[in-house]
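We call the chains A, B, C, D and E, going by the order they appear; numbering starts again at 1 in every chain.
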């Protein structure tokens, strides 16, 4: 018998927590890399939700995994571009601290 | 032969043609523009003669499907009212173009192109019977006017021109919403878009009371700003003062009439109930405009501003007459529109002629002008007394009929408005006395030989106006009979269904 | 299978075209025009295919790709956007020696994404298509990689973009789970029965936020001005229309189709967002002295107008969607045109887009100035231009919808009046001021001129004769 | 002798324990990621998070995803760490370098979100089935069915997406050729 | 136009009647067009036109007065001027005894003034312009008296106003004429507002402004009670303005800035009588309201004494005459007010002639002393300019009301009827004014012609050319004889008989019954009284001013200093006007102008400023920092989620 692991809600709540933590990182960190990491955390939270729903919702059995794989792919693509952009701006600005990129404002 | 389309678009085609003329030959461009506007004028005269022959409310109707999905059609037609205004437009157009020969020396080509486009827009407004088409022309007018004031205007032209456009735009955009609402209500009732934008199809079919009120409010705001009615008038003095002479002339002569025309042709026939609901307010505002404009004109120090405020006062008669909803009032209102078009245009032309010599419009600097340029002074006096409403000149009949209509509607209103007989005499004669009589002012003396009398060309621009002022002064029936039919239909369509 | 292939042909052509562009670049290195030529050829072919399909709807890959009038419409619109961008960009990039090949390829990939957005019938495909359209945008924003502003814009765009993507994705996943299906129509059916649970509400919130970011609605608009200002001008032109069009397709598919049953929830929120968006966009645009940035804010305002159509559509007025689709087309031409004009002004590196730089252009380059005036008047919404009819269309829809939508319509027209001020101010500088010294040199060249002309033709044609487009749009909606 | 399904005293199943354990690790590690002042450490924490998540994926019967998770992400993240070392001058960043001035409001936002998700997802009826025991390992068949059924297009497009991303990434990351052109003025 | 409502059949005018209007109009048009090229020949066409007009006018006026045109007179409709719906206002001519009386004065004096001007204006550069204006005035004035529709009368009313404006301001290079002209026109407009409103009211009541239709309606008793009073008084406002009655009298003295012939023609003999004509013409309307009549009488008689009191102390020869004109017009209105219609018209005629004579005489004097108008700088001129002196003396005796000259007949009738109709107060005041008139007129004569000369350079003084003296001599004839010619035998002279039918309806409404005129009865006594008063005034005047005894004069004035100053300063009435209308009005206008700029326009600009400042404020939230942006996204998300949860319930 499993009162927790056998139910959908705990997984979703966990993913929600994870998502919240990730967003905190994104909002709070200054370093571009840290922000990227935070985004990864958020995406993984989404993945968790996808898999959980895929496992527990009858009509979605099996699709969860497919969805998750796609999400991983997309995440990878984003990360690639993201890193490239970070490199490019580091070349110009010589700092990874995002909040110092504020030439353009108002 | 689609004569109306021909009339509307011949200036536009002309403008296109001029675009291909070399800018290096301004005189060629000037005469080309003059020729085009004269051709349009002749065409419109032909149309005017043709109207009587035609049967039905609107002559020479043209209707082509344009945006069938919404039943928007290219629908033109002319009746006595619009016919008169069309001819006024074509007449003032060539006069303005002729009057611009001297004053406009920079970017001549662009100027005349703009002017011809403006003429097309104005003619389109008067001839459209489809709300959507009407709105499009109504907006198109803004662009060339914006440029004419903004490019060829005076020192503070940019403020003035932007104020003019924004002010008008606020009103007209709300009117657009009202037009769409009207069209949709028609579609909702009949289940089809056919005729949803067609004036004739819509007239008298709008039952929804809230639409009657809101729709009229939106239309009225747009037209009240155009007329302009108090308290929406403050764009006018700025625009007039900054605009080049021809700009002022067309502005006073035709643009302001769009408002009055809009009330008679669109706002009231479409929303009679709303109109009757708002009538007391409109009448009150008109009376205020009549007196207020005159009083403010008294203390103006700039000739153009003075005439601008006199326009506010005179156009007050138009709205007053319209909202009396009786024959005399409406007849008078239309007469007043046409006569104001002739008289005030003349005054602005004269101010412009003076400005050509003095490069100044400051009343305080003038004095004793008549001694140097008697003919100019005499012409000025002529138009001035026409503006005062001297019987025998065209100004009188309109004002008297409006006042009579007002008296029939409510003697108190007429009593208040009649005071303008005094005030008009005060601000105009006071101005004339300071500018033209008395000893020659040092400023004018300083101009020496520059202070020449009017040239033949200038007389040519004024003569037709003066002639018409005299003719319509002695025989206003020529006009009243020509638009009697329109007034009749208007009064029929203006009957509020709420009353009964 | 073969006819499935036929159905997919346009999509495939675009992708193949992208790869072909890269190959052509390897074959003939440092020849800027070759890739563009190839890309344009691919676009032409795609257009031909789309037209030949003639909007007859056919589905492929188990119904996850449904070609039809909507795809045809969006495809052709996207093709014109990309084509104009490709026509105006090379001169600008060459002057700063950036390559065109990557640009062409990436644009084509993005176009593919847009086509998929149009064709997608399920959440997953929709999302992947969206990413395919958006991610290239990040690259394009930073395309001038030696330029600090460009890279700064790119970083901001990317970070916020991926943040919002995560949010949107989370929402999509939860919605997918709650509805138990990925198919949009299926979701609509599933939601129709039973009322909104808390989880669904949160999912809806996530989706609203995510898509509001993509269309740059207040308060999710912040990336727009910085990304637009930083990007190379021609690319800004593309960014301001391409992704926006796609994002609105996303909105239509998610909200109007899938989430229709929850309209009573999201309409009020949309109304507030729309009002805030157009107002803020216009008010801040008023204060800008840099035309490029001003246009960025104005694009925010236009998002607000487009949302009016979405609201109307949510209230059940098909005219709402039609209005949005028409508006996207009109907006694409006039805004691209405006940026094409700015591109022309930045003939040489270092040329700025300050308002004062435009002074007296009407004297020196009348034709260019007149084109600019046309675009600006259209953006203002003065008839008879595309912009006017577009606004009219969405407002008509709003008026039909009645209730809050009508109030929104009134707010919209008042905003239009405010907007008129800053658009007209540009015209003031073009025609009513004396030329600035030193006079800016305007980039000429056949391609640029062609691009400008294309945009201008679109802007005027859609205004004078909107009927064909209207009919296309209406067909696109006919189920 | 076989273990009892239910652990005595606490009355939880093994799977529950496992879930709680992994979940705890995930959250703890995630905190490490966002709070760690040393970016390297937070990178390592990220790896830990992902690993633990992979475990949960297995529990959910998605072994493939778990695999992909490990392969792709461990790779990706290690790259991230490398960049981190490359870009950040000091390994241990002082607090003000690590965190934004708006950290407090950020925390507030995060807490609100957490509450939102927790309450909403917890309270919703998802019409989900309940597994008496750890969910049956669904195996690869249904996944494949899904990938090559409804999600085929998405799958193809994902590859195109990665291609596009790589091209763009390469372009941006490549050291620009020598000739520097003057910066654009704002 | 002429409808069946009119009781008595109306004849038709001879076909040449329109020429009465056309000739002067052509004269005006021609001279205005080419006059400036004609130089000193410019007067030929206008003069010819007027002489011809005079001939025609006589051919109509004399039969009209003699009843040759039938009781109701004769008409000739011309064309419809203004038409709207079922209302239409047509231009038509109508001639009856009343018209005839005015034609007599207008054309005769008009023709003579034209002739006189040939000499008087000969030195002026814009000679031609003067004649053009004069013809324009003649056209307007004739239109006024001939028109059969009140709207046309109103139009003519305005046109004579215009001519008067042009002629007063004739010497526009000086400042004063311009101001005077403006003042005249505007003051008249004040009255015209009432006139116009009265017309509108009449339209509402009768649906027409055709004089016969209206009067027939009134006689039929359609209009009674307060309505009648209000309408009558509104119309009367016009008369007050045009005939310069108190309180709108202020323009007439200033109008003396115009050339003297103008003063003679317009501001003495013709235009200022238009008000009298209007009231007489509308006599039934006034008779329909006793209150209205009372007010007319009161204003008339007050103006009479008020103006006379001012005339006492004026030293400008023309101003004395101007105030005397006011005073005499006051007489006429008093007469109208008491219902003595025929005497009023009688006095209008006689006054037209002798006042015209006096003005032209004063012009001749001014001409003689090259431009000087101050009587203090004259004196002892009778030897130098005997013709002028003789003719002016005739005029003075006439106006003084001494028998048997013209003034005596008409003035005596007015006073007599006033007394007999029971308006004793009018009669009393009238008597006093009669005395005052005689006094100040002989003062004028004394200061100008008698005593020692005060002219700074006598050698220049010379008699005027024949073109000026001939008109004086001609005018002297009617000034002597016309009273007797029209007024004898008492109470049924030509004029009385001619006008009786015209005023019959009004008299009926007033229930006046005419008992026979008795020389050895009340009438004889009244006549004796008025003659006595006039004689007393004459004697005092002559004694005081025969030869300059300024000593005794100044002693008199010393004793009455305040009265003297008041009278000299026209009882400060102009200053009051200046204060109330000019200064206060300007304040109001300025206040509104401020309101327009600051409030109305201020609001508009304020909205604009508000908008842009709002933009500047919102601009600040774009900080340029990604995390700030992200934070707003996060909070936006939370807010939206909350909204949904609330909406979902």
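Quick note on the criterion: contacts are C-beta pairs under 8 Å (C-beta built on N, C-alpha and C of every residue); 3 or more make two chains touch, one makes a residue touch a chain.
Worth saying up front: this structure is predicted, and the values here are computed from it rather than measured.
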Where subunit C and subunit E overlap in contact partners, by chain label: A, B, D
Innermost chain, taking as reference the mean of every protein Cα atom displayed: B
Chain whose Cα centroid lies at the greatest distance from that of subunit D: E
Pair exhibiting more inter-chain C-beta contacts, C-D or B-C: C-D
Separation of subunit A from subunit E, taking each centre as the mean of its C-alpha atoms, in whole Å: 98
For subunit A paired with subunit B, centre-to-centre distance based on mean C-alpha positions, whole Å: 65
Euclidean distance of C-alpha centroids - subunit B vs subunit E, Å: 38
Geometric centre distance via CA averages, subunit E-subunit D, whole Å: 104
Per-residue overlap in subunit D, given as positions that touch at least 2 other chains: 100, 102, 105-106, 109-110, 113, 116-117, 120-121, 124, 126-127, 150-151, 154, 158, 161, 164-165, 168-169, 171-172, 186
Residues of subunit C touching at least two other chains: 124, 127-128, 131, 135, 138-139, 142, 145-149, 154-156, 159, 163, 174, 177, 180, 182, 197-202, 225-226, 229
Junction residues of subunit A - those touching two or more other chains: 12, 19, 22-23, 26-28, 30, 32, 35, 53, 57-58, 63, 66-67, 70, 74, 77-78, 81, 84-86, 88, 91, 98-99, 101, 103-105
Interchain contacts, given as pairs of chains that touch: A-C, A-D, A-E, B-C, B-E, C-D, C-E, D-E
Subunit A to subunit D touching residues, read off their complex: 1-25, 27-34, 36-38, 40-41, 44, 47-48, 51-58, 61-70, 72-74, 76-81, 83-88, 90-91, 96-97, 99, 103-104
Subunit E residues touching subunit B - in the complex, by the definition given at the top: 79-87, 151, 154-156, 158-159, 162, 165, 169, 172-175, 177-179, 181-182, 185-186, 189-190, 192-193, 196-197, 200-201, 203-204, 585-586, 588-590, 592-593, 596, 600-601, 604, 608
Of subunit D, residues touching subunit E in the complex: 100, 102, 105-106, 109-110, 112-113, 116, 120
Footprint of subunit B on subunit C - complex, ascending: 362-363, 366, 377, 382-384, 388, 392, 395-396, 399-400, 406, 409-410, 413-414, 416-417, 420-421, 424-425, 427-428, 431-432, 466-467, 470-471, 474
Subunit D-touching residues of subunit E, taken from the complex the two chains share: 627-628, 631, 634-635, 637-638, 641, 645
